[in-house]
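For reference, the structures are reproduced in the following blocks.
Each of the next two complexes has chain A plus one other chain: chain B in the first, chain C in the second.
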Partner chain A sequence: MEQNNSLTPFPQGLASPPGAMTPVMPIFSPTMRYNTGLTPQPVQNTNSLSLLEEQQRQQQQQQQQQATPQLYHSQVSTTTALPGNTPVHTTPLTPMTPITPATPASESSGILPQLQNIVSTVNLGCKLDLKTIALRARNAEYNPKRFAAVIMRIREPRTTALIFSSGKMVCTGAKSEVQSRLAARKYARVVQKLGFPAKFLDFKIQNMVGSCDVKFPIRLEGLVLTHQQFSSYEPELFPGLIYRMIKPRIVLLIFVSGKVVLTGAKVRAEIYEAFENIYPILKGFRKTT
Partner chain B sequence: MPSSCPECGSSNVVEDDLYSQRQWVCVDCGSVVSEGHLTTTVSDETQGRAVPYHASTEVLKKPCRNLIAGFSRVRALCRILRLSSDMESAVVSLFERAYNHPNFIFVTLTKKEILGGCCVLSVCRQCNWPVAMGTIGYLLGVDNATLGTVYREFTKALNIEISTIGIMDMLESFCYDFKLGPQQVEEVFAEPPQRLVDRTSALIELAADAWIVTGRQPLPLLFAAVYLAWQSLNPTVRMKYTFVKFCKIGKAPEQSWHRSRDSVVKRLKELRDVLCKLGRELPWLRGGTVEPNTVVPLVDDILKNHRALLLRAVRNYEQQLQNESQTAQTTECDNELSDSNRSESHSSTTPELMDPDQAGCENPADKQATDCQLPPDHWSKRHLFLPPCVKNRKRQRVDAPQLEVTGDEEISDSEIESYIRSQDEIEMYLKVQKELKKMA
Partner chain C sequence: MASTSRGDSLPKVQCPNHPDAILVEDYRAGDMICPECGLVVGDRVIDVGSEWRTFTNEKATNDPSRVGDAQNPLLNGGDLSTMISKGTGAASFDEFGNSKYQNRRTMSSADRAMLNAFKEITTMSDRINLPRNIIDRTNNLFKQVYEQKSLKGRSNDAIASACLYIACRQEGVPRTFKEICAVSRISKKEIGRCFKLILKALETSVDLITTGDFMSRFCSNLGLPKQVQIAATYIARKAVELDLVPGRSPISVAAAAIYMASQASAEKKTQKEIGDIAGVADVTIRQSYRLIYPRAADLFPPDFKFDTPVDKLPQL
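Presenting the complex of A and B:
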């Protein structure tokens, strides 16, 4: 495994030479995991992976990267503030072998959480007459007695928006940040066409939800005992364990089937970082009969 | 100030108040020369207004009626659950704190009742006294979800640390709830509680190994396990009694099991399936069939040797999988795999007896084999025992293909037009609305 800690931390598929346009800091790296005492430390797992499996996993990652280069593009997060870099470096499919070798257990999980929902807000910058909007738009519903906003939906990207009379709007249902931005712009354009002087001010992503599958069952009772200060597991109320990670501030719902839901992120990297933090811990509780 | 008396003309007029009324009286003839106002205006009063009730000391000394009723209810709960006097006083003081907390002082009376239950639950958890939420729920007559929301609010508001309670902690008190002592029921049904506890705990440990316990409501599982344990302790006589019959024999309170009857039936089925899987490995059955409805007599043997049986079952299953994958191989995969399979089967035949985990470890050769076939959740087929939610996936989630967008591209006018009503549509809509209003 030591040979992988070479000077080529970047995948073969990309044309960028190392050193020329090196990112200032990878958005998340395994070394960050051990920074603060608030980051959960992985319990030393007894099921250490064999060398064969390790190599196969790395091979798989290589294959994945070469097979789907366009995947990088859609994972570009335009909201993260990386100063002047080409976004492709921030792909989390990069095997995150640190340049300074850390402990051998710090390889990446090889699993990528998929984003399921993005909630964003934007200010259209003018007062709106909701009755007019509900009358003149095909895709709008408005029940002032039930809720004080117009609920509008568009087909592509498949999203829903809540438009308030103050001119503020909430857009939900998109699967990526750029889709959310595009959808919000489309809603603003619809409102414009209905005759209001709508602008597009202060677009901000408020929440991102991701999910993934670690593909092994998890002993939730064990996890709640060892990580008591972060976890809450009440099988009588909810079948999953609620893990409140401090750094990054993400809430994870961990289920016995191995599925994990991550929510509360403002940027994509927080979800990836949270998952990379929790994966070694979960591996420690993977006890198959 | 008058100087002379109009009656007698003397100038000896003194101020002589009658109680609180100012009067000027002539000393010689005693007549009242003049007097002040009997009533005073607000600005005159030095004492100020009357003290309102909420500021009077009566409030401090006498708590409000609902709080008193709450206290008696909470004490009754403690007595039903047979808590010690220390715990009871802790519950009462916690309830007072919670009741007077600004988040809870103005809530509905039902919520205040549930708050009492939450206090009991919280103190029981702190003192490691095993009480399930379901028990408190059925004592108060509310469901778990309502109790749960109030409990979460309560712990947040009062900054109480929640400690989780395990199913094994609840087991003993649960078993003792059933009245199956020799004096209480007939000889054939009677079971000393300790024996029942031991057998039930063995069954639950087995269920936990087989992933039936994690993530599930504990009470239905406890019911199922106690029923199976009771049956297995005298199978010849007790096999014919259903779960409902058993609850009636043991005089379990009907509200506690009635609602979760369906879950209990499901858990029973799952437990029996696990027992069957292990029962098939019993060597003296020589491969005879083991059916869920006839597995109960074998429970004794299965529990005595459960570790060895688990190992055997898992190993046989893996062997079966390897055989299947070998026959389904393409030629190149086959050559590569048969070597690694042989090496893997060597390593898997010598696991340590006290470490069944290793036997079920991911087989890297298998993983590559299954990648050739590429079904989406094939990892689940590698394990014999899995949480049922993994094995019984009802509907495959289909992810929509990801849109390739940049967020800043041009939005076509035609697309936006498709979301806006034409003038004709608007007129028709208004016409229909008017007609509907006329009709209504």
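Presenting the complex of A and C:
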């Protein structure tokens, strides 16, 4: 498929169709330097736990996310790589010209928050016997008097899962959406190998945490005075200012050093949007000494 | 002759010549007098004052007023129920020694929790000698929170403690969370949680605490003279202005300033003593002290009399 020079209309608002298991791709944001030329891959709505497929899908999506110019041309060949997954149509790759929306007068911050933690849940679809899981699986701990779930850990991606007897599972600690999904699949695979008819239903990312550094000290007292409906700054209770942004609904912890932690997002774009919203406000409260 | 207009549903007393005039009450004679023309409009009005004069007399154990305690209409829901008090004399006891008419507890069950909380608030405030206006403010806050019911699941004691904290803040004399913890059975964490929830529920906010708010209390508790207190206040304010202690809690900065001022004066206090009074760990005082020590010479007020010169101050 050759690249044409005309700009392919980029589907905004890439929401996965319900029931599909593609992770939501980063919605177009001003911080993305080059567009990634992505359209959602047509994936069979499969609950199969084939890790090979999952890993290949993950690698491909990671490549596409990084979107370095060199990879663009090499990507032409990888779109058909999935085994047993005949794509209905090959995806045309858009040219490398960055499609930026009409940017407002203020420039973007140039800083990208890094994701630190993703919490996701998935339903394995069958009742589990936690005792056998704890006894037979490696790296599993189960203390029913303390907590009613098996706590299992894997090394790659470094995550922890809470597996409940109802079959529901919480996966925490991943650094990106695809890693969270891959890790959840690995846990489900472990459970499946122990003999339970595990499925992979309703994978959903519940919370995303990101952090970044604005690289200048901030006057928190000034911020709490002007934004007091949103901020809460109690140095006796916590050294950071807790800013509850309404739109998007994100909670930011802002520290004197200039470090900012953003949490409460369901998608990556909310974190980016929240940071873009707060950055000009923080610039206004920069410490001048 | 004027007469009360009893024909209406409401017996509204008014002067026939001046219906708009507000009548003046003459309680000694029980009259309602029109101020415009001096006509006595109503007479034999019931006197609601006290029945007889009571002087404070050590021998009189009971107040013979039959009218009862002053009503608390702002805080209770108009408590008009009847209570049977404990009997005096031998006749009030039946056989077995139990008192007759035991049922003196049922009163406005809806306000019972609120009255309990008010009692608790008064107890807590007495322990730290808070004035009446703070107690009243706390009661009002508690009433507002209680009626809103948004914090219904939380322990009433926790809400009361948090209301006390907010009231002290609002009156401009903040108490630290640890000081409130000292007089309450609730943990600092729970008080902090309730505090944030109450601010949200009542949609108010409080001013940020500053180092100067605590100086007079801490210095008096340590027995430091006025000069040292002034010096410590100045040091803490300067330290914050020069941004020597970014991100440090104002309490820790205040404690470090008191330490520096007391070490430079004749009344030297140890970090442990200051930490006990302020509720700050002595390592924390040490940390903050290390931050302000390098600029010690700039921080002291210009007219301070040094007992120990600046270069001889302890360096930790």
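Worth pointing out:
Everything below uses one rule, namely that the second predicted complex is superposed on the first by the 184 of 289 C-alpha atoms of A that agree within 3 Å, B and C clash if a C-alpha of one lies under 4 Å from a C-alpha of the other, contacts with A are read in each partner's own complex, and residues count from 1 in each chain.
Throughout what follows, a contact is a pair of C-beta atoms (placed from the backbone, for glycine too) under 8 Å apart; a residue touches a chain by one contact, two chains touch by 3 or more.
Just so it is clear, the model here is predicted, and its values are computed rather than measured.
Model built by superposing both complexes on chain A: chain B and chain C clash. When both complexes are overlaid on chain A, the residue A:S166 reaches neither chain B nor chain C. By the document's definition of touching, both partners, chain B and chain C, reach A:P217.
In the superposition on chain A, A:K175 makes contact with chain B only, while chain C stays out of contact range. By the touch criterion defined above, A:P239 reaches both chain B and chain C. Applying the stated contact rule after C-alpha superposition, one finds that A:N143 touches neither chain B nor chain C.
In the overlay built on the shared chain, the residue A:E156 is in contact with chain B alone; chain C does not reach it.
Contact with neither chain B nor chain C is seen for A:T132 once the two complexes are overlaid on the shared chain. Within the superposed three-chain model, A:K186 lies in touch with chain B and out of touch with chain C [touch as defined at top].
Chain A has more of its residues touched by B than by the other of chain B and chain C.
According to the touch criterion, the shared surface of chain A, contacted by chain B in one complex and chain C in the other, consists of residues 217, 221, 224-225, 228, 232-237, 239, 255-257, 287, 289. Looking at the complex, you find that chain B touches chain A at residues 132-134, 144-145, 148, 151, 162-164, 166, 209-211, 213-219, 310, 314, 340, 356-357, 359-362, 364, 367-368, 371, 379, 383-387, 389-390, 399-400, 402-409, 411, 415-421, 425-426, 429-430. Of all the residues in chain A, the ones that touch chain C in their complex are 217, 221, 224-225, 228-229, 232-237, 239, 255-257, 287, 289. On the side of chain A, the complex with chain B involves touching residues 46-47, 50, 52-53, 56, 60, 70, 73-74, 78, 114, 135-139, 154, 156-158, 175-182, 185-186, 189-190, 193-194, 215-221, 224-225, 228, 232-240, 255-258, 287-289. The touching residues of chain C, when paired with chain A in their complex, are 176-177, 192, 195-196, 199, 205, 208-209, 242-243, 246-251.
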